[in-house]
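Chain IDs A, B, C, D and E follow the sequence of writing; residue 1 opens each chain.
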Amino acid sequence: MEMIHLILIIFLGGAVLTYFAGKVNDILRDALFILSILVPAILFFTNVNPESYIDLSIAGFNMKWGITHFGWIFSLIVLGLGVIVSFYAVSFMKGRDKVGSFYFNFILSIGAMLGILLSQDFVSFFIFWEIMTWSSYLMVVYNGNQVQKIGIKYFVFSAVGAYAMLMAIVITHSITGSFLITDLIAVFPQLSNQMHILIPILFLIGFGVKSAMMPLHVWAPGAYSNTPMAYTSVFSGALSKMGVYGMVLIMITLISHIPEGHWFREVIAWMGAFTAVLGTLWAVAQDDAKKLLAYSSVAQLGYIITGVAIGTELAMLSALFLSILHALFKGTLFMAVGAIEKQTGTSNFTEVSGLIRKMPWTFLASLMAIIALAGIPPLGGFVGKWMLYESLINSNHYILVIMIFFSSTAAFLYCYKFLFGFFLGQEEKEWAHVKEAPALMVVPMIILAAGTFILGAYPGLILSPIDAGMQAIGFEATQGHYWEMSVILNQWGDQVVLQPIVYAIFAIFLFFFLFLFFKSRKNTRYVTTKDISSSGEVPLEHENLTFSQNFFQPFLRAVEPVMRRQIDKYYNEFGRGLEAIFDFGRRIYTGNGQTYAIYVIIFVIILLFFKNNLFG
Amino acid sequence: MDNSLQYLEIGFYGSAIILILVGLYGALMKKSLIKIVIGLSIIDAGLHLLMISIGYIKNGTAPIFSGEDFVVAGNMVDPVVQALVLTAIVIGFGVTAVALSLVIRLYRHHGTLKIDEIKNLKW
Amino acid sequence: MVGSPVLFIAIPLLAAFIIPLLGMIWKESVRILPGLVLVYLLTLSINLLGYVLDNGPIIEIIAGWTPPWGINLVFSAFSGFLVTLMLFLGLLVWIYSYRFKRNVDFEPAKKYFILLMMLITGSVGIVLTGDIFNQFVFIEIVGISAYALTAFYTGRDSAEASFKYLIMGSLSAGFLLLAIVILYSQLGTLNMADIARNIHTVKPVYKITALIFFIVGLGIEAEMFPLNGWAPDVYSQAPGPVGAAFAGIVVKSGVYAIIRIVYTIFDIEGAFDFLVIIGLITLLFAETAAIKQIRMKRMLAYSSIGQMGLVLVAFGIGTEAGVFAALFLMFNHAIIKSLLFYAGSYLVFNSKEKYINDVSGLGKSMPITSFLFALGAFAIVGLPPFAGFWSKLYFLIAAADSGMIMIIALILIVSIVEIVYYFRVVNKIYFSKKEAHVVPQRPTFNALFSMIVLGLIVIIIGFFPDLITGILHDASRDLMDKTDYINNVLSITH
Amino acid sequence: MEPILYKVFGAVVTIILAFVVGMTYMGLSRKITARVQNRVGPPVYQNFLDALKLISKKTAIHHGIMQMMGPAFFMVTSIGSLMFIPVLNDGRFFSNLNFEGDLVFLLYLMVFGPLGMALGAGQTGNPNSAIGVTRGLSQMVGFEIPWVMALVALMIQYDTTSIVGLMEAQSASGTWLVFSSPFAFIAAVLAMLGMFRYSPFDIVGAPTELASGPVAENGGKYLFTMMSSNSIFAFVKLTLYVDLFLGGADNLIELLIKTFAIYLIPMLYGLVSPRYRTEQAVRYFWGWPLFFGFLAIMYAVVF
Amino acid sequence: MMNDKNSQKIVDIIQNYARLHSLFVLAYGTGCGAIEIPPTMTSRYDAERFGIRGAATPRQADVLLITGYLTTKTLKRVIRVYEQMQDPKYVIGFGSCTINGGMYWDSYNTIKVLDKYLPVDVYINGCMPRPEAVIAGFVKLQSLIREGKAEGAKLYKDNLEQYRENQKKVIPNWVMPEYNW
């Protein structure tokens, strides 16, 4: 048996077995759950060689499975994040009901994502895509609140995307007679103009939905925030990257071969930038951490999409680097929110505050992730952002630079809100009992957060596989010095040397911190956050002095004209209008048997009347 | 062609069509269930008449072979349509019977025979 | 060759008459006998199908009259496949309704099984016969037994539904008769093959008028818009298994009849386009009506109508790939819709109004039924790795190869509507609070068995579609080859 | 490659220079403000006294670890960004790390400080601090945009993102960027008004309304660290402006003159301005400064 | 080294020099005296030339300026503010009311002698004291600091129980964190 088959079968069988093991024994179930992600991951990284394929045929469709160097980058995200989060999930799900179905969907979606990366033909690509979609859908509705709204919205948008993709696939097949991705890429330049536009647009819709691109993003906030946080890490970190993967693989390779490609790139890049800006603004306005992170994910994917669309070497490097990094820090943050929610029972900033002393490790992980998210050196986020800016400037997209920078700056607002809302501020008595999350939850967070740090100092670790992957999809090999040292360089030869920066900054930082801390520890004591200067008043225990309502109200007032127009509303109106039309349409079934009989006669008369048009 | 026979033929077809139209009127316009059933039966009757008329040949003999009386095949009326009509009549009878039993059920259930008032199931 | 196609008609018809007699002796026999009959017929049809696939179609002549004069039965790959499918579904209906409720009285059971046998007789007859008037007779048999089965429960509005069905059915029967008369008056024959051979000699006016009357006459059974007003009422009022039988058996025979008429008998190209158009309209109206339904079975009914519209579109493509896709769609629809009806009827079993809301939160108390319903929902909207996906894919490929891009887009949009209403129900089942007044009804063992069989088929075909594609290819090739059909039938001598 | 000790020594001298200059400028600003208000004002070295006092004051309490880390973050940022700024043209002694970073890097490094301060302020639990922080961050989003636009315009004009590169370009062409791309300068200067947080953009730490905002809970060493970081940071910003727009400085005297000239702009503007509310401030930055920013970019693209 | 007396003395001198030239004043505007603070700080009298400037919060302040009478109600806040200030810290009693109650000598809800409750380093008498007097008071405080005699905070720490006793006499609902610098 081929290793790829084995891996996929372990995923599938593991999912089913884990589900049924839950009926027998909880520990067995947990162990099976971790194993059925861990084992395939190990098998995959040890035994599957990139660029070696197997052919098989199902139902008359020729399929080709195997991983490209390019897909390998994403498999790193999927499996890496999957394995780490699976440990977290065991602890997160302890004591909840329907754990079995959670594990089932978890394993299945990880397997499906790997399947997407493995499939080199459209049929299996689509199959895995849909499995991924419905398994993640079942996660979205897992909690059972607002399923009819959020769940259906997610699935409808996913279906729109998937069907657009399916349409492109069948059109492709009708033209090329083949489902292999390489065949489409080979044939594409010779197609008609109409197809040059139609096929990329359809694929764009398909992948744009999953990667939450601007007009198609409305499902994301609800879906991300409604999913159990253990899965949202994967959802936002890995699953949305499948859209990016597809976009790079198909969009960029396709449209780089056609004359109209330039315009496509522009449009997508602009959409990505708008996604980033609006996503950020909306994130700033949220009071719920899950929603905030969800919008933030939308915005971050906006950067990635922009990078992908620009499509120069550096831009692509940055997009892929950011993809990996986004998986790291957003995984951490969602896990942190999950830990907080598990410990306190809420994820709302207006309710929780001052957890820093209760959950210091969670705070540390969040802090590092936030710094990475904000793109502040020395953590990895900066490297990605830097490459993005450089590539945008080098490719003359000046306005996009401004937009991305704006969104990146405005991101500080919600970054601060996240840290302040949960960890800083008043320590209320209500949360005095809160304890640090179990080690099984904290350690994965710390591992991921440490990953952002390592990538900040040594981006070369990940940039070299990325470069190999990019060569696989037709980019030229980048010069070696991108990663030999941790120097990053733009096309003008301006450079940023990372290691000395990191060391220097940390040396200074440590010095000052130690200076302040040890110098004053002898005669410094901790006072509670009630002990503040508030006009001489002594705030009592029950008096809540936390500032968390209308947090960025002045800023939001300033950007109010932009925020007022919600795409969501238009979609809702559209949906409601459609349903009204549908409702009108079904009134044709009046319920009166005689009317139906009259329909028969009318039908006959119409047919007879138009018989020459119809049958002539 | 004999005039009277032509008129007869027109009479056959005409009355068949008139019957069908009358039946349609009854089935589509009348509000009473019973009348609708009657209308359907009249349509059936019209159709049967139409079929018979198609098989009719002037001066034809009955398509019956009995004993040694050998009849020229070309001169007998089409036996097939007659067989069809017989079958159709039987079927029509069955349908009418089911329809009438349903009417009884409907009347018991709804207390009315007006089809306008029997529309619990709609949309 | 192990048996004759005529047995498919004779045995169940006979069984229908024997059941009451046998019931006088041994009451349990009214339930067991149909099962035996169906098992026998199913094995027979599978055997015959195997034979047919190797050796070409079996033409059975009734009463020694050779075509074109006598009635003949044609058991080809196409019709044989459909017959096998119908009998299989019939068997499942029997298993399912063997003990639908925990205690069923003798009298209703007797009537029920008599009517079911007649229904299967008629449906199988429609598919097998090679004579248009014979087909008319079978349609009427199906009709009468269907009216009666619809009105089976006296407590509901079933008589109303049945009466609507009856009005439309009789009217359409009239048109069917007219169509037969027209053809007969022009060609003097009732044999399909003979008509097909000589149809080009008929004047277009007659030909087209006859086709129209055929379409109207058969469209009722095939749930074609706007002739499908009866369907939602009937599905919602008939007993659960009967709904499944309608969707799986009756409608299939109706579609078969139309397809036979369009593909084999007539040579009018416009009919294919007409099928596409009318299929699309059917699909559109049905799916959009389904989304606003508040009653479970009406929703399933509209969905069923929509699926038949899709099948008609697939047949309207007119290529072999299209026929293949259509057959696959029919197969999947039969399997999945039966599963949905089976599971759905138990979900709303104790609810008087059969509201969709009443299924809320039943995922806990009825885990297997709920799971199977969800499975069916996932499959019918075409999610891989379930059976429905492959048929949809084949259909889209066939349509795309014929250049119907806008139609693909339309159908995919409608599919999204379908997703919405099915997923709403699934969400309700699993993720909503239980309605206080609903008493969950655990399915009986036999019902569960039939559901699980269907569920397994859905999954197995989803993973291994190759199991079914071979025979579908043969069947579609068989339907496409018109001259072969004519030659096969007309070359028969004693 | 110079020996590492030479580098370290240079860095220490740079830091001390920045501290002294920054503190002196702040003292000067107090003096000038006093003179403008027809007062005598404190001595120029007043800020050093303040700093000395603050460091000698007891810091007996803390509200948690972030309160200590916040000022430390700020200091790291100030010193860190100082390291990447070329203080003098061709000044090897002051060169530090400035060949190893670029403008984008600096931009991001420079926002780390406010964020760190904000975290420190958040830990104290004083609602006034948090309110001040939200105002500050909002304003930051406001002024960063024209500032970045100005920088992008410069980058386009000379095809480099390196500060050293820009300085070399200026000395090669012989004209300062303030003349060769005036709109960028205008946009940058308008952004600078917000950056220095003088009036009218001083609502962040409104003393009576917010009890001095983010620093409300910080006295003693915390305040000292912030104050000194602030003065170093001021020096960083001024030097950056000088490097970018005024062709850098060849010696320290020139540096002092140029930086002070730049420093006068926000200070004097502040003296005659009332205070903006936050949203007014944000909208202010998205008005004319943004317009000039666009103009600058267009100018850079066209020429 | 640091324990060496001489070097400690030098450090003290430097520190005291810095302290006395950099007085951050928290003006607790309790009474009518607050009206005299603005002229003191602004152009006419310009206290900033002595390094005196306002502080917004007690955490940053060196001098607590009690401007006028203190009611029993505000006393608690004033004590709280004083206790929140960091060492070294000084109190200036401003106006007659802080000395002996002034014109409120027989008021039922005004405290008469501030020194009973907080250790006052410098009194400025007058009703109202003019800005010149205020500045004179500050200069006095500066000279006290220079001489190392402004030891109010130490006094307060040493005699905390006595002060507490006095404070609790006038403040019935005593809810206050412990003072343990």
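Rule of thumb we're sticking to: contacts are C-beta pairs under 8 Å (C-beta built on N, C-alpha and C of every residue); 3 or more make two chains touch, one makes a residue touch a chain.
Given the structure is predicted, the values throughout are model-derived calculations rather than measurements.
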Graph distance between chain B and chain E, where chains that touch are linked: 2
Both-way neighbours, i.e. chains that touch chain C and touch chain A: B
A-D or A-B, whichever has more C-beta pairs in contact: A-D
Far-end chain from chain B, centres as C-alpha averages: E
Chain whose mean Cα position lies farthest from chain C: E
Chain ID, smallest distance between chain and overall C-alpha centroids: A
Separation of chain C from chain E, taking each centre as the mean of its C-alpha atoms, in whole Å: 97
Where chain A and chain E are represented by their mean Cα positions, the distance between them in whole Å: 58
Centre-to-centre distance between chain C and chain B (centres being mean Cα positions), rounded to whole Å: 29
Length of the line joining the C-alpha centres of chain D and chain E, rounded to whole Å: 36
Multi-chain contact sites of chain D, meaning residues that touch two or more partners: 58-61, 211, 216-217
Residues within chain C bordering two or more other chains: 160, 163-164, 167, 171, 232-233, 289, 292
Numbers and ranges of chain E residues touching at least 2 other chains: 57, 59
Interchain contacts, given as pairs of chains that touch: A-B, A-C, A-D, A-E, B-C, D-E
In the complex, chain D residues that touch chain A: 58-66, 68-69, 71-73, 75-76, 79-80, 83, 97, 99-102, 104-105, 107-109, 111-112, 114-115, 118-119, 122-127, 130-131, 133-135, 137-138, 140-142, 144-145, 148-149, 152, 155-156, 159-162, 165, 211, 216-217, 221-222, 225, 277-279, 282-283, 286, 293, 297, 301
Touching residues on chain A, where the partner in the complex is chain C: 58-60, 123, 126-127, 130-131, 133-134, 137, 141-142, 144, 147-148, 151-152, 155-156, 159-160, 163-164, 166-167, 170-171, 173-174, 198, 579, 581-583, 585-586, 588-589, 591, 593-597, 599-604, 607-608, 611-612, 614-616
Interface residues, chain E side, partner chain D - complex: 14-15, 17-19, 21-22, 42-43, 46, 48-51, 53-57, 59-62, 86-88, 181
Residues of chain B touching chain C in the complex: 20, 27, 33, 36, 40, 43-44, 47, 50-51, 54, 78, 80-81, 84, 87-88, 91, 94-95, 98-99, 102-103, 105-106, 109-110, 118-121, 123
Chain C residues touching chain A - in the complex, by the definition given at the top: 160, 163-164, 167-168, 171-172, 175, 204, 208-209, 211-213, 215-216, 220, 226-227, 229-230, 232-233, 268, 270-271, 273-274, 285, 288-289, 291-292, 378, 383-385, 389-390, 393, 396-397, 399-401, 403, 405, 408-409, 412-413, 415-417, 419-420, 423-424, 427-428, 430-432, 464-466, 469
